Every structure is written in C-alpha cells, then in structure tokens.
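Heads up, the next two complexes both have subunit A, just with different partners, subunit B and then subunit C.
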Partner chain A sequence: MNVLLLSLEYMVVLLAIVVVILDFSLPRTRPTLGYLSALGLAVICFFSFTFQIEDGMVTGLAGQTHVSLAFGGAYVLDPTALWFKQFFLIAGFLVALISIGYSRHIESGLSEYYALQLFALAGMMFAASANSFMLLFVSLELITITFYVLVSYLRRQVESLEAGVKYLIMGAVSSGFLVYGIALVYGSTGTMDFAALGEQLDNDLALAKSTMVQVGLLLIFGSLAFKLAAVPLQVWAADVYQGAPAPTAAFLAVGSKAAGVVLLMRLFGSVVSDVTLGWEKLLMILAALTILYGSLCALPQRNLKRIMGYSSIASAGFLLMGFAVMSQSGSTAILYYLFGYLFTVLGAFAVIGVIVKQAGLEDVNSLAGLSQRSPLLAATLTMAVVSLAGVPPLAGFFGKFLIFKAALEQAVSYPAYYALLACAVLGVLVSIVYYFNIIRAIYWSKNPSDLSTIPVSGPVRFAVFTCIAGMIVLGIYPDPFLNIAGRAVAAFSL
Partner chain B sequence: MLLTAIFLIPLLAVLPAVAIPRIYGWLTRFIALLATFTSMVLSVYLLFTYDGATASPAGYKFDFNTTWVSLESIGLNIGYHVGVDGINLGLVVMGAIVAFAAACCSREIRSQEKEYYILLLLMTGGILGAFVSLDLFLFYFFHELALVPTFIMIGLWGRGEKRTDAAFNITVYLSFGALIALIGLVMLYIQTGAQSFDIVELTAITQSNPIEVSTQGTIFALLMFGLGILVSLWPFHTWAPQGYAHAPTATAMLHAGVLKKFGLYGLIRVAIPLAPKGAATWLDVLALLCVGNIIYCGLVAIRQRDINYLIGTSSVAHMGFVFLGVASLTLIGMTGAVILMVAHGLLAALTFGLSGWIRSKTGTTEIDKLGGLLKQVPFIGTALIMAMMAGCGLPGFGNFVGEFMVLFGSWGTYPVITGLAIWGALIVGAVYMLRAIRNVAHGPLDEHHARLRDADGLSRIAFSLLIAGLLVLGIYPRILTDKIKPSVGKIVTITKAHEKEIKPSKAKTVAVNTAKSEGKNR
Partner chain C sequence: MTVGLQQFLVVSAFLFCLGLLGVLIRRNIFVVYMGLELMLNAANLALVSFSRYNDNLDGQIMVFFIITVAAAEVAVGLALLVALYRKRQTAHVDELTSLNS
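What follows is the complex of A and B.
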C-alpha cells in the first residue's frame, strides 16, 4: 500500500488528533485551536493541489506511484476522488473559519467541535474514494455519527437537541436501509467490490433486473438520498438545519450532500448505470418531487435556517436532475453546480451565523436594516441568495444552466424530460420569491429596531471574501473550472 | 474593442464605487455620471464611424470574437462575440444616451447613494452588453444582470406603499419570461447541432440545414412568448405599468426605455432568422396579440388618473406597433419597428424622467392635482408637451417615422389589424396624451405648486439630450434607416424564402408589398 495515496486523509486525521491532544495536554492553547485547524486545513488543501493524476499515474509532492488502489481495492484515487477531496478540503477550511467566528456561542467542548469536524471531513474524503460497499458504509457512518454530535452541540437549546435526535433517528433508519441493501446485493452477486460488481451486472442483465438486486440497490439509493436530502428521505433537513449550529448546518449542506453525490456518482457511474436498471423515470420523478417539495415548502417559512434547509432540498433536486440525465453533460453539470453551491451556501451560513449570534433571533426580520448595519454581510447574503436563485452573473446560474442544457439534450430523444424541465422552471420561479424575500428583508424591512454596526471577526471576514470571490469567478470565468470538472468525470459512463 | 469599452466602462466603474466610503456620496455619483457619459460619447462616436468601418462577412462591424467557455466533452462552446449592424447600432446609442440621462435624473436619491449608483451602473453595463452581444449565451447573461438591480431599486428607493408587491411582480414575471426564452435558446443550440451559441454561425447553419419544421414552431413559440413577456406583450403586460409607477425615476427610464427593447431585439435578431418556418406560423398570432397592446392598453390608458400609470400603459401600447412591424415581415415594416424601438426608448426615458421630476418636486403624480405647470416651470412644461406630442405620433419626432413605416409595411400583410392600429394610434393615443397635456401643463396652477422652481442644470441636460435625439430621428431618419435597411433586408430575405414553402399566397403579397415599399423607402 502506498502512503502517497492516502496521505491527504492521514493528514486530516492527524490534524484532528493533534487538536484533541493539545486540548487536554496544553489547555492554554484552546482559544487558538480553531486557527490551528483552519491553518492545517489550508496547508493540506494546498498540498492536495500538488497531486496530478494522468493515465493511472499518481504524482504528488511526496513521489509518484502507478498504483491507484488501496485496502485491497476498496479505496481508489482517481480524478473524481481527487476533485471531491479538494472540494471537501476547501469546504472544511471555510467551515473552520466560520466556526471560529461562531465559537463564543459554543459553551463547552470547543476543541472537540473542531476535531469532530475534522473527523467528519476525513469521512467525506474516504467516501470520495470508496470503491467497494465496505468503504462506502464505513465512510458514511463516520460522517453521520460525527454529525449526530455536531448537530446537537448547543446542548442547552432544545431546538439543537431536538435536531440531533431527529437526525439520529433518520440517520439510523437510513443506515439500516444501507446495510440491508448491501446485504441483498452481496447475497445475489457475492462481491462488494464496485468494479467486479459492475462487470457482473453488465454481463448478466437478468441478474441486474432481478428483484433482489433491484431492491438492494433501491435501499442503497434511499440511504444516499438521505445524505443528499432528496425525496423520499428529505424530511429531516428543515428541522436539523434549523436546530443545528450555523457552521454545522453549513457543513451538512455542503459536505454531507457532496458525499452523497460522489457515492451516487460511483454507484451509477461505475457499478451499474441506471439505464441498465431502467431507473431513468424513477430518478426523474424523484428529482421533480424534490425540487417542488423544497421550493414550495420554503415559501411560507420565516426562519432563515429553515429556509436554507428547504433550499438545500431543492438543490438536491437539481443535483438529482443531473443524475436523471445520465450523460457526460449531466455529471459535469453536477460537479460544477456543487462547486458553485459550496461558495454560495457557505457564504450564506457565514452571514447567518453572525446575524443569529447578534440578534439572538433566526427570523427573516432579524435581517432588518442589515444593509446599514453591515454592508459587507448584506452584500454577501444578497449575492448568496441571488446565486442560489440562479440569476447571472453568479456561480449558481452557470450550474443551473448546465443542468438545464443537459436535460434539454436528452429531451430530444426522450420527451419526458420536458415535464421534468417544466417542474424545474416552476421550482426556480417559486424559489425566486422566497430568495428575493430575503433581499427585501435586508434592504427595506419596515422599522428596523437596531441600527448598530455588526462587528465581523477576521476569520469570518476572510471566509466571506473567499465566498464572494468564488461566486463571482465561477459565474463570469467558468472555463478553467468547467474543464477541471469535465476531466474529473471523464471516466464515468454516466 | 470600442463595443467592449461601451459596456465595460459602466461595469468597471462599479469597482471604484464599491471602494469609496459611503460618506462620499457625491463622488460615487460623479463616477456614475462620468462612466455613463464616457459610454455615451463612445456610442455616438460609434454611430459616426459606423459607415467607414469594415464589415465582417456576415455584415457585422466592429466584430470581435474569442472563446469564453468551451468544453469538448459536453459539446459546450460559448464565445465572447460582439459586433453591431444596423439593427443594434441605434439601440446601443439610444441605450447609452438613456443611461446618461438616467444618471442625471438621480438627484432624488438621498439615502444609500452608494448602493444606488452601483446598481445603476450594473444595470447599464448589462443592457448595453446585451445589445452588442452576438452570442446567445452572452446575450441572455447580460440581460439578466438587470434583474436584481431592478428589484432592489424598486423596493428600496421606489415610491408608494405597494412597491414591494410591484417589485416582486416585475421580478417573477420577468424571470418567467427569461426562463422560457432560455429554454428556447438552448433548444436552438441543441437542435442545430452546431455546438455553438454564436448567432452568426447559427444563422449560417440554419440556412443550409434548417431545423425540423415542428421543432421550429416550438422554438419560435417559446421565444415569442418568453421574449414577449419581457416586452409586455398583451396579455402579459400587467407588470409594466405597476412596476414603472413604483420604480425610482432612473430605473423606470432605463427599464421602460432600454431593457424592454431586449425582447424585441431578440425576436428580430434570433427568433425570426433562426426559426423562420416557426415564425411563418406564429407571427399571425403575434399580430393578433399586438391589437391587444394597441387598442386594449390604449383604452386602459385613457382611464388612468395617475400620470405614471398613464405613461406606463401608453408605453405598453406603443410596444404593439413594434410587434406589428416585426410581424409584418416586410423590409419597411421591420425597419420601422427598429426605428420605433430607438425612438420609443428615448421617449419613454423622457416621459418617465419628467414624471419623476414632477413627482419629486410636487409630491404627487395624480393628474387632477396638477395643472398649469407650463407657466410655472416653462422648461418642464415644454418638454412635457413635446414628449406627449411625440407620443401621439406628431411628425417631426422619431416616433412618427417609426409608426408611419410600420403601418405602411404591415398594410399588405394585415390590413384589418393595421386599420385598427391606425385608429388606436391616432384617436385613442391622441385622447389620452392631449388630455394629459391639458390637465398637467395648462389650466389653473394649484396653489401648492406656486413656488415650484424649474429644472436644474443636470435635468435640463438630460431632457434636452432626449428631445434632441427624438428630433434628429424625426427630421433626419436616414441617419439610421440607411444603416438598418441592409441588415433587416437580410433577415426578411431569409424568412421569406422559407415562408414561400409554407404559405404561398401570403408570401406573394408580402413580396409585392416589399417591392413597392423598397421603391418608396426614403
């Protein structure tokens, strides 16, 4: 086994352990641990960009190797995995910065908060490389279990605890689905390895269509839909986002969702295509339902984090739409959409975290007068919701445009996609109403009660500027990032 | 590069505007004025150098083309392609003039000036960019830049209690139209198989290798209704009067004057030449709907008691004439439509600028509460009378030329509709415009307004510029018609070639009519 392959994960785990050890051996360092974690992630993130993968040859700062598999084939480092690892590292870094700004809100166990985030991050990075059901399950559990704790971290707040319990129950149910599904698939094919499984199912269509495999894969899909917050396992999202601390919700929205996406991509890309399964219709219906559920439920909400929860469901719908398309354009679009989503959602949560702390309220009305209290935060949140709504020139527009284009390409041969598109258009229109309602609250709420300036700490300011830059650059200069995304999914038959 | 500079200067001016601390509101304002002024000077320079410039093979001048986004594996190619021909030349010049005038008319803004001018510059850069783009993606992208600024401007600096409703209404309506149009545009891209959004390339490909007829119909319908909503095509027009009545002056000027022309421009530039067979079937529907614009909205305008609503509704009615000119598919009719787009842009900006001035000085826009303004504020009064006269099609103003040519061109294709339109223009239009003049400019002066002072320097410059534009276009229309004719001619030829296959009888009348009109064309 080559150390180079796993070096990124090792470094993240090591960083987490260092944080925990420093916490109890040198208690005086506690206030700086957040900075340590962010700095460490920045270094690892930089290090991850020294990796290059060409023709099965992995080159990094620490050397190069021809082997791309580890743990007996359960772990693979291919362009997709690398793309997602870099994605998770950027997300983790920004979330760490947001957490530093949020730290005064967390009563105790602050260093564990950072450490747990790092463990969750390691789980996501393993998920990016999962090449067998074994690693898929282990990495998902690592993510989910750390999030049970992270969600209920504000232990004196009933909402946070309630969110934790809800997430625990739903998570446990979905894990149960996952194990059961894996058992069924393993039972009928005798292998857990993605490559071997894919070959077997491709050669034996009858096996792929057999009830046992279909039900098994359906259960696995269901548990991944839970990660994505897509119908039918989307109900937790709103409650959990509302109760969880803002940085956790941000990480959940970006990291956990992307982990679901990469695993779905592996499942449909290298194990068994949904065309083989005959699942296009299922995915289309689920995508349409998810978009409509998310958008329509967000419409009457007043709580900011709850709106973000429903908006995250709607976004899951757009991602599923990319899967339903089953093409190279679809998967490239998914990656681009996710990358834009990263900056957009983290920007939004960075602002929400600060405001909620300031006002003690999570209501949309707590944004009143924000444009005067902090023009920076006002502009960031405005740009974030504009990007989420998919209006040019920000990142979200280009992502949605790619997904729409991919769906229209397929619609030429399969007109049912027009129905999906109609639902998506409706979803976008509805979403414009509730997103722009946030802009309204920022700029012209009636009688804002408090017009004092909101202080923004250095780390949060840095995170916010990064997110703004990300949204703008991805919106007006998509070319390099689109090409990277295109290369990352080139290997998939999706 | 000239074209890039015209729209990029306002966009780049956003950066210093963001950097300047908010206590220096006057500096932000100065930057906005300077940027829009530069862009206007450049666009006028463009107008006068246009004839001498070399044209690309497709007939576009100042053509500049480079790749912006491209990914082979998913067949995506988006170019940064800009260029002008007769059709968008006038629109660019008009847009730049209106943008400067709008910046001049922004004195009423007293709070959060920094945000205001940033949004104004974004809107200006976006719409000018949309008019010079020759790439479908770019074209759409730039237009949508104005969506969020419009929303925030109406809500934050708008007038009236119901401005939030107006802001949401206009945003949702326009997004809906834009999304429908986007789907149509992407379908064009996919159906041609060209893997390019380049309008020039797509036009060439659809010539040699037309899209299937039924698909053309779908695409044209999507574009017609999508873009139509953006232009306030009846019965999708309700956002316009309401939105403009609640918008701050500059936003109404830019939106009614310039942004609304985007949809019409898209119809002429994209929808008709790229889906000519679809156009042949759907243009009849467009011609029918435009009667709704002209007659229905004209009658609605008669009932208005608020000068802002009156102008807003009449601007919707004027759009009907442009639609009619486009639907006529004749050289003279479409040339008239383009002239009318330019003239109406100047006119709408002028009228909304004046009503904004009246509103900010007198505190009301209700016609009954106004009166005698001509005597008290002669400059504003005169400008208002000229604007209203131009609005009902008085010869000497650009609108007359445009409407006249449109009616001329559409007579052969749609005689009944043209008859109705003439009635709508001459009778209905005259009724509400003249009544507005009588009630606002003449009559006894309300004592509340006895101490009203006439327009200040910047407003005078703005209004004079707009009136001058209207007069130049009215007295010497050749400044544009000579440039428009060859460009429109190409589109008419393309479409008529296809129309013959679908409707032989109609094509004949059109051909005869065009031959006639070519002889008479000034």
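What follows is the complex of A and C.
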C-alpha cells in the first residue's frame, strides 16, 4: 500500500475539505471557491498524466515504482482505471466551471455544492479502480448518496425536491438489489475479491452456471443498469434530469453514467466474462429496448431538460449495445463514445443552465430567438444537438459509427445483431426528429418576444469553448484518442 | 430440527421480498423508506449467515459498510422528506406530480 497509487483520489478529497474549511473560516472567499475547485481539478488532471503503467507496475513523477494493487487487492490502478479517472477529472473540471455560472441560482450552501461535487467525483474515481465487491459498493453509494443531495439542491423548488425523493427511492431499491446480489455471489463463491472470483468461476463451470451465481450477477447487473439509466431501471432519468439543477444533471449524465460503464466493463467484461457470454441475447434485448424507449419517449416532450433525460437513456442504450457486442472493438467504441458524449452533453447543459436562468422556464419555446440573443450559445447548443443526433463530422457521429461498426463485425457470425442494428438505426432516425425541433426553435421560431442579449460569464464561456473544441477534434481527428482508448481496454477479455 | 444455512436464507429472501413489496405498494414515503431498510437488512442477514457457514469474515465486514451506508441514506432521505413536507404538506408518493410525464 502506498500513497502514490491513491494520490489522485486523496487530492480530490483534500480539495473538497479545503473548499468547505475556507468557506467556514474565511466567508469572504465564498465567490472564488468555485474557481479554486476548478483550478484544483485542472492541476490534479495534469498530474494524472505523469503516471506510467506497465505490466502491473505504476511509475510516478519521481520515478518511484509500485505494484498497482492497494487495500489487499481491492483497489487496482490499471490503464482502464487511469483512463476513466482522467475522464472524470475533465468532467468534474467542466462541471465546476458550469456551476460557477449557475451559482447565482443557488440560494444557500454554495461552497457545499462544490464540495459535494468533489466528493461525488472521488466516488467515481474509486469506482474506476474497484476490484472487489466492497469497494464497488462503497464507491457506488458515495456517488449515489451525494447525488441525492445535489439533485435536490434547489430546496425552495418543489420540482427539485421531488426529483430528489424519486431518485432516492429508485436508488435505494437498486442498492438493495446490488447488496442482495453481492450476498448471493459471495455465498456461492466465498469471496468478495474480483481476482479470486474470476479464477473460481473460470475453473468451475458448474458453479458459474448455478442459479445462485446467475441470479446474484443479474441483480448486480440491474443496479449497474440503474447507474447507466438503462432498461429495466431507467424510469427515474427523465424526472430527475428535469428537476435537478443544470450542473447536477450534467454531472449525472456524464459522471454517474461513466461510473456505471467502468464497473460494467470491469466486472461483466472481464471478471465474470464467461457468465456474460451466456447473456448475449439478454444484453441485446436490453440495449434495443433502452434505445427505443429513450428515443420514442423524447418525441412528444417540450421540456428541454426532460428531452436531455430521455436522450441520456438512449445514449445508455448505445453504450449497452457496444457492450453487447462483446469484443475489443466494442469496448474501444464505448470509451470513444463516452469521451465524445462528455463534451456534447456538458456543452448542452452549459447552454441550458444559462437559458433556463434567463427565461425562468425550461420549455423548448424559451429558445426562441437565441440565434440573435447569443450566437455563441445558439451555436453550441446546435452543435451539441447535431453531435447527439449522430450527424458527421462531430464527435457523436464517430462514437456511434464505431459502435455500429463493431456490431456489424459480429453480425457476420451471429445474425441476431442485425436486429439490434435495425433497432439502433430506428432510434437514431427518431432522435433526429426531436433534436431538429430544438434547432428549429433556435433559428426559425416566429416572433420571439424577447431579443435582449444574454450575458455569458467567463467560466461558462471557457467551458463552452472547450466543449466545442472537444466535439470538433474528436469528430475529425479521432486517431490519437482511438489509440488511447484501445490501449485502455486492451486488458479486458470482452 | 437444527437451524441451518437454508433457514436463514429463506427468512432473508422473505424479508427482501417483503421490503420490495412495501416499496412498490405502500404510498406513504415513510413506509417506503422502511421497506428500503428492510431490503438492505435482509441482504445483511444473508451476508452474515453466508459468512458464518463459509468460515470467512468478508461478509460480516461488508455488513458494517452496508449499515453505515444505510444510515447515511436514511439521513438524506428524511432531510428531503422534511423539506418536501414544508413545501407540499404531504408525504404521499401519489401527490408528487409536479414533474410532468
């Protein structure tokens, strides 16, 4: 056990504590705490790029080398974990910037809002490294419980509180499933450790096929589907996205989903991959249902945040589709899709946060005349929506393209993938309709009532430009990022 | 009759289903929270009994984490409920309708 391995998490937690203490002891620093949090995250993110991981050994900045396991094997720092940690740090940095722009909306407890985001971020980073059921459970709960608070942060608004209560009830049900699933798997294998679990199931096929292990793993899968917002535990997403403050919803869409993805990949893609191989049909059906549910339900919606909620369900479907492909190229595509999704969704929510604050309502109609009120916001939202719809040459297109390509490669040997692909294409076509509604509201709505310019604060401007740059670069120059993603998942068998 | 692993597991499965049923059927948020607690504690019972019969302490350590997390969850949940009650004067799931669907 050594400090180097966990240094990224320690620094994030320390930053959160510093933010709370500064607010407590020097109240006048309050407005700058958001900048402190963003700056700290940027520094930690740069620091994370000094890590070198090779053959289970981690080398730090000063050249010291350590085995990549900690806490008796419960924590592992492998290339996948590092990739996801950097992903979460970038997301946390951008969300902190968006929160600064949103801060006037939060009546009380502003510094705690930043601190809780940092704690949730620490939970996500631990989840990326979870190598035993104990760390998996604790890190998932750290994320979920902080998000209960973050979702209901506008406590004078009924919508926000209601979203919080709904999220809490659904989240607690899913953690009940998770714990019971862990109990069943632990009961039949006698171990909490992923390495020992994988070894046992590989050597004993009868055990892997036994009802207790299968049911236990299904329950665990269900609770991860909750994190992803995938069928069968997706109903919370629309309500929670609508009620939550915009920065929270953004973090929920990117961070919480990615935490689910990394656990899904580590546990089901690597540790118990033999069991997962038998679930091919189930995964395909769930992916198809998730894509169709998200796309079709978004169609009649007029509330911007609610549309984003359903669109996030559809995205969870595409991620699940990449996972159902069960190949290296599928996993690489998932990572690439997520990276593009980060810039796209954060860009969209940055704009939505500003507009909702300005207009006081969340309807699509509040976008009327946006192209004249603020060309920058209009362009960002348009690009984000175009990227989400999967139109070239932006990041979202390339992510979807990679997932489709991976599925096509498998379809040659297993024709059922054609059905999944057909559902996915249908989902994309439907989604273009409601995404186009947004673009139409921005550029072609008749008689916009208010044409005053919308002021955009510095941090939000910076976040928006970063997102635009991310969407364009990932869309037209994918090779280096594709290589990094490929190396990050090289260790996984699926 | 000796009480073995099987009996413990049956009780734990029964409690889990009871908790889930409570969450699905009852409309009062307090009772829903109680159902949620029952689900977690059913899992605790299963973990402890597995741990006892597997001669392995991991399960019991896990139970400590689960109890702690459940306490944190309820603390947040009750705080939310108080805030919600102040706004709406209700603790009924059916009356949470301000989010359109």
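Everything below uses one rule, namely that the second predicted complex is superposed on the first by the 487 of 494 C-alpha atoms of A that agree within 3 Å, B and C clash if a C-alpha of one lies under 4 Å from a C-alpha of the other, contacts with A are read in each partner's own complex, and residues count from 1 in each chain.
The working rule: a residue touches a chain if its C-beta (ideal position, glycine included) is under 8 Å from a C-beta of that chain, and two chains touch if they have at least 3 such contacts.
Since we're looking at a predicted model, the values are computed, not measured.
By the touch criterion defined above, A:Leu429 reaches subunit B but does not reach subunit C. In the overlay built on the shared chain, the residue A:Gly243 is in contact with subunit C alone; subunit B does not reach it. When the shared chain is aligned, no partner comes close enough to touch A:Asp55: not subunit B, not subunit C. Of the two partner chains, subunit B is the only one touched by A:Pro392; subunit C is not.
Contacts of A:Met134 after superposition: subunit C is touched, whereas subunit B is not reached. Remark: subunit A residues 133-134, 137-138, 141, 145, 148-149, 152, 155-156, 158-159, 161-166, 168-169, 172-173, 175-176, 179-180, 182-184, 186-187, 190-192, 238-239, 242-243, 303, 306 touch subunit C in the complex.
On subunit A, the positions that touch subunit B within their shared complex are 327-329, 332-333, 371-372, 375, 382, 386, 391-393, 397, 401-402, 404-406, 408-409, 412, 421, 425, 428-429, 432-433, 436, 439-440, 443-444, 478-479, 482-483, 486, 490. Against subunit A, the residues of subunit C that register as touching in their complex are 9, 12, 16, 19-20, 23, 29, 32-33, 36, 39-40, 42-44, 46-47, 50-51, 54, 56, 58-59, 61-62, 65-66, 69, 72-73, 76-77, 80-81, 83-84, 87-88, 93, 96, 98-101. Touching subunit A in their complex are the following residues of subunit B: 22, 67-76, 112, 114-115, 137, 140-142, 144-145, 147-148, 151-152, 155-156, 164, 167-168, 171-172, 175-176, 179-180, 182-183, 186-187, 189-191.
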